[in-house]
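You will see chain A twice below: alongside chain B first, and alongside chain C after that.
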Partner chain A sequence: MNSDLLTVSNLGVDFLTGGRTINAVQKVDFSVREKEVVGLVGESGCGKSVSCMAILRILGETAKTTGSIRYKGTELLDLSESGIRKIRGKEIAMIFQDPVTSLNPVKKIGSQLIEIIQLHSRLSSDSARKKAVSLLEQVGIANPADRLKDYPHQLSGGLCQRVMIAMALAGDPNILIADEPTTALDVTVQAQILSLLKRLNRERGMATILITHDLGVIAENVERVFVLYAGLVVEEAPVDVLFKKPAHPYTQGLLKSLPRMTDDKERPLVPIEGVVPSPENRPSGCCFQPRCSRSTEICLKKQPLLESLGSGDHKAACFHAEI
Partner chain B sequence: MHITYFLGKIARALFTMVLVVTFVFVVLRATGDPAQAMLPEDATQQDIEHFRSMWGLDKPLYEQYGVYWLNILKGNFGQSYRDRRPVTDIMAERLPKTVYLMTLSIVFAVIIAIPMGVKAALNRNTFIDRFTMGTAVFGFSMPNFFLGILLILLFSVKLKILPSSGSDSWKHIILPLLTTGLAYIGSYSRFTRSSMLSVLNKPYIRTAIAGGLSRNRVIYGHALPNAAIPVITIIGATVGRIIAGSIVIETVFAWPGVGRLLVTSVGARDLSVVQAIVMLLSITIVTANLIVDILYGILDPRIRTKKGGV
Partner chain C sequence: MLKQKNAVKEFFRKVPPLIFIAIVWIIAVFLIAIFHKFIMPQDPVATDLVNRLAPPSFMGGDQGFFGTDALGRDTLSRLIRSIYTSLTVAFIGSIITAVLGTIVGFIAAHFKGIVDEILMTLVDFQYAMPFMIMALLVLAFFGNNIILFVILLGIQGWMRFARLARGMALSAQEDGYAVAVKQLGATPFRIYARHIFPNVSNIIIVQFTLNFPQKIIVETSLSFIGLGIQPPETSLGSMMAYGRGYLMSQWWMAVIPGIVIFLTTLAMSIVGDWVRDNLDPTVVK
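Coming up: the complex of A and B.
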C-alpha cells in the first residue's frame, strides 16, 4: 500500500467574525496517498470547502485553524507565509466551484495563465506562452492560441473550468484539490470535466481530492471516500465498500436518497428527514442524532469517534454502526 | 462602441447646454440691469440709454437672444462690458489658472487617496483604517470655504508662512491646493476602500492566492485593476466639475481663475462673460461624462466586448 502524501488530522476551523466564533470544522481526518483519488462528500455547509482551503491556508485572517496537516512530512500549519506560498500551486493546486468568477474578469486568459507559469518556472515570456498553449491543449481546449486572447466572460463555464485546470497544472502539482468542479456546469460538460480530471490523474500521477455533494460523482471517480457531516468525518471507506456496506446511518440515508440507473422501480427514494445543523445550532452528543432512527441514550450524551470497523480501511463515527 | 449611443448622448448634452444658457440668459436680464451695475451712481439717463443701445440691450429680449446665438455660431462670444474686451480673450487668460489649480488638486488627491484607500481596505477595522477613513470623512464633509478660511487663519494670519490670496508664486497655490485636495482625497479614498473591499472577496482573488502569487502581486496585479474601475468614474466626474468646483475655492483665495470671474461677473451683470462661463461649465461636465463612459469600456472588457469593441 502506498504511503500517505497528505495527512489531515484532527483539523478544526473556527471563524472569528463580529465577536462571534463559528465552528465551521469540528474534527476532520483524512489522507491522500500518492496518485490516489479521494472523495469528500457531504451536504452543503458541512465543511468540505473550508477543510480544503485550510490545507492551502487561504481562509483569510478571520479563520483559526487547529490540528495538523502534514504534506510529505512537513507540517503545513507551521510554515511561514513564504513557506506555504511555495506549496500553493507548486505542490498542491486547487480549482473551484464557479470557474467563470474564479478567473480575473479584466485580464486575458493568456496573461493569467502565463503569470502562473512564470511564477513556477523561470521561463522567458516566449517559452511561457508556448507552455500556455500546450497546457490548454492538454486540458482539451481547441485553438488554444486563440483562446489566450479571450477574456473569461467570452468563454463558457466548461471552458473556464478547463482554463482553471490548466492554471492548476502550471506548477506541476502532486495534489489537485477540485472543490465541486462541476456543480456549476451543465450535465454533459460535467462528465467531460470529470473524465478530464481522471485522465490527468492517470497520465500525470497527480493525486486528486474531489469534493462533491453528489454521491453519484463519487461512485465513478474516486478510490476512497470520506463522508462529512456538520464539520466531522463520519465515515471513511473504499468506494465499493461504501456503496455495498455503508455503516453510518447518515451514509445509508444519503444512499437511499440517491437515484440509480440500475434501480428496480420498486425501491423508493427516501430523503433524510430534517436539516443539517448550522455551526451555531449543533445538538448535544452526536451531531446526527436528531435525524437518526437508531439513536439511543448514549448518542445524546457523547460524540462518537471515528473508529475502525474490522478492516482498517473502513471507519465510522457511530455507536450503532452496521458492520 | 455604438456610434448612435454616443451621438444620442451628445445630442442630449447639447440640448441641456442650450437650455442652461437660455435660462441664464433670461434670468440675468430679468433680475437686474447691466447699465445700472456698470455705470457710476451719478450717470445721467442719457448715459444709461447710450450704454443700452451700444450693447443692444434696448432691443426686445428675443432679438437679443437671436443675435447672441448668431454671434456664437460665428465664434464671437461677445464683449465684456467691464473690460471692453472680447470674452474669448479674457477666458484665455483666466482658464489656464483654473485648470492649473484644479488638475493639480486632482493629481495630488489621486496620489494620496488611492494608496490610502487600499491601505485602509487591507487593514480593515484596525486603527489604520479608522484613522484614514476618519480623515477622509473630515475632508469630504468639511465645506470648502470653511476649511479654506481655517487654513488661512492658521497659515497666513497666525503663522504668517503662506499667502492667503493671489497666484503670484508657487507658495500661493499651497493653501487652495490643500483645501480642494482634501475634499477630493476624502471622496476618492472612501471609494477606493469600498471598491477594494468588495473586490478582495471575489473568487478570482482566492484563485490568485491559491496559485501561489505573492501578496503584492495579488493586491496590485489582480485586485487593484478591478477596484480601480469605479474609482476612475468618480475621478472623471470631478474632472468634469472643475469649473463648478473652482467657484468657491477661487473666491476664498482670490485665485484669478474663471470660478472667481464668474462670481464677480454675476455681481457686475457682465452678461457675455457669465454666459460664456456657464456654457463652458456645461461643456466640461458633458465631455467628462462622455470620456468616463469611453474609459469604462476600455477598462472593463465585459462592457467593451459586449458593445463590439471601442
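Coming up: the complex of A and C.
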C-alpha cells in the first residue's frame, strides 16, 4: 500500500464575523496517498471547499484553523508565510469552480502562464514561452501558440479551465486540488475536463483531490471517497464499496435519491427528509440525527466518531452503521 | 487606409465639440511646454530697460506680441517658459501623488488591522488639514528649493488616491484571479503590482486627470504668494504675482498668465470628467 502524502486530521475551521463565530468545518479527517485520486463529496456548505482552502491557507484572516495538516511530514499549519508560499503551486496547486473569474481579465493568457512558470523556475522568457506552449498542449488546447495571445474573455469556459489547469501544472505539483472544476461548464465539456484530469493523474503520477457534489463524477473518476456532512467526514470508503455497500444513513439516503440506469422505471426517488442544519444551530449529538430514521437515544447525546467497519478502508461515523 | 480614415471620422463623431476644443488646447499647451526652447522668440530673462512696460502688439505696442514687463523682458517668451515650468512641476508632482497614494492604499488593504487604522487615520487627517497651511508651514521652516517644492506638491491630494486604491484593492483581493495566483505561490508584491494594479489602473488614471489641474492651481497659488518657483525662473503663478503690481496701469501683465491658468485647468477638468464617464463603468450617465 502506498504511504500517505497528505494527512488532514482533526481539521476545524471557524469564521469570525461581526463578533460571531461560525463553525464551517467541525472535524475533518482525510488522507491522500501518492498518485491517488480521492473525492470529497457533500452538499453545499458542508465544508469541502473550505477544508481544501485551509490546506493552502488561503482562507483569509477571519478564518481560524485548528487541527493538523501534514504534507510529507511537514505541518503546514505551522509554516511561516514564506514557507507556505513554497508549498503553494510547487507541491500543492488548486483549480477553482469558476475558471473565467480565476484568470486576470486584463492580461493575456500567455503573460499569465509565463509569469507563473517564471515564478517557479528561473527560465528565460524564451524557454518559459516554450514551456507555456507545451503545457497548453498537454491540457489539450489546439493551436497553443495562438491561444497565448488571447485574453480570457476570448476563450470559452472549458478553455479557461484548461488554462487554469496548465497554470496549476506549471509548478509541477504533487497534489492537484480540483474544487468543483466542472460546475460552471456544460456536460460535454465537463466530461472532457474530467478525462483530462484523469489522464494527467496517470501520466504525471500527480495525486488529485476532486471536490464535487456530483456522485456520478465520483463514481467514474476517483479511487477513494470521503463523504462530508455539516463539516464532518461521515463516511470513508473505496469507491466501489461506497456504491455497493454504503454504511452511513446519509450516504444511503443520497444514493436512494438518485435514479439509476438499472432501476425499475416505477421506483420513486426518495429524498432525505429535512434540511442541513446551519453551522450556528447544529443539533445535539449526531449532526444527522434529526433527519435519520435509525436514530436512537445515544444519537441524541453523542457525536459518533469515524470508525473502521471491518475492512480497513471502509469507515463510517455512525452508531448504527450497516455493515 | 480606408479603415483608418473611418476610425478618425468615428472619433470626431463621438467626441463632443467642447471636449474636442479642450483636447486641442491641452495638446497645444503640452506642445508649447515640450518645445519651449525652440519657440521662445527671445531669451525670457534678457532685460531691455529702454523698452519697459510695452503693451501687447494688438494694443499698439511694438515690443513683441504680448509686450514687455517692468524690466523690459519679453512677455511672450516668459509666458512660454512659465507654461513649461508650471506643467513640469505639476506633472512630476501628480506622478508622485499617484504613486504614493496608490502604494499607501495597497499597503492598508493588504495588512489590514492596525496598519490600516493608522494609514486611514493619516488620510482623514490630511483631508481635514488644509493643504495650503501645511505647505506654508513646511516652506517657512525649511526654506525654499525646487526639490522640496515638488515633493510638497506630491503630497497634495495623495489621500484621495490612497482611499480609492485601498477600496479597490480590498475588493480585488477577493477576486478569483487574485486568489488563483496566490494559491499558485505568488508573493503579495507580485499580486498587487502585476495583477491588481492593472485591473484598477483605469480608475487611478481618472483620478490622475482630476488631480493634475489641481496641481497647477496649487503650484500657481504658492508661486503667487512667493513661496513657489523663485526668480529668475518663472512660472504662471509668479508671473501673475509680478503683474499684480501693475494691475491698474498695465492690466494685461497679470491677466495673460491668468487666462492661461484658467483655460488650462478648465480644459483638463472637462476632459478628465469626460474620460471618467467613458472609462469608469460605475458612473451611470
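We adopt the following convention: the second predicted complex is superposed on the first by the 322 of 323 C-alpha atoms of A that agree within 3 Å, B and C clash if a C-alpha of one lies under 4 Å from a C-alpha of the other, contacts with A are read in each partner's own complex, and residues count from 1 in each chain.
Operating definition for what follows: contacts are C-beta pairs under 8 Å (C-beta built on N, C-alpha and C of every residue); 3 or more make two chains touch, one makes a residue touch a chain.
Everything numeric here is computed off the predicted structure, so don't read it as measured data.
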Task = Consider chain A as the common anchor and indicate whether chain B and chain C clash or fit when overlaid.
result = clash
Message = For A:N104, using the defined touch cut-off, is the partner it touches chain B, chain C, both, or neither? Pick first, second, both or neither.
response = both
Inquiry  = Going by the contact rule set out at the top, does A:L306 touch chain B (first), chain C (second), both, or neither?
reply    = neither
Inquiry  = Taking the superposition on A as described, I'd like to know which of chain B and chain C A:I58 touches: first, second, both or neither.
reply    = both
Query = After lining up the shared chain so the two structures overlap, which partner does A:A316 touch, if you call chain B first and chain C second: first, second, both or neither?
reply = neither
Inquiry  = Quick check for you: in the superposed arrangement, does A:V13 touch first (chain B), second (chain C), both or neither?
reply    = neither
Request  = Figure out whether A:L196 sits in contact with chain B (first) or chain C (second), or with both, or with neither.
outcome  = neither
Query = So, does A:V233 touch the first partner chain B, the second partner chain C, both, or neither?
reply = neither
Query = Thinking of the overlay built on chain A, is A:R88 touched by chain B (first), by chain C (second), by both, or by neither?
reply = both
Listed stretches 2-10, 38-46 or 56-64 of chain B, narrowed to the one that overlaps chain C = 2-10
Query = Between chain B and chain C, which residues of chain A are contacted by each of them?
reply = 56, 58, 85-90, 93-94, 96, 98, 101-107, 115-116, 119-120, 164, 167, 170-171
Note = Counting only contacts in the complex, chain B reaches chain A at residues 202-204, 206-215, 217, 221-222, 225-226, 229, 299-302, 305
Note = Within their complex, chain A touches chain B through residues 53, 56, 58, 81, 85-90, 93-94, 96, 98, 101-107, 115-116, 119-120, 151, 153-154, 164, 167, 170-171
Request  = Flag every residue of chain C that touches chain A in the complex, lowest number first.
outcome  = 112-113, 175-177, 179-187, 190, 194-195, 198-199
Chain A residues within the chain C interface of the complex = 56, 58, 61, 85-90, 93-94, 96, 98, 100-107, 112, 115-116, 119-120, 164, 167-168, 170-171
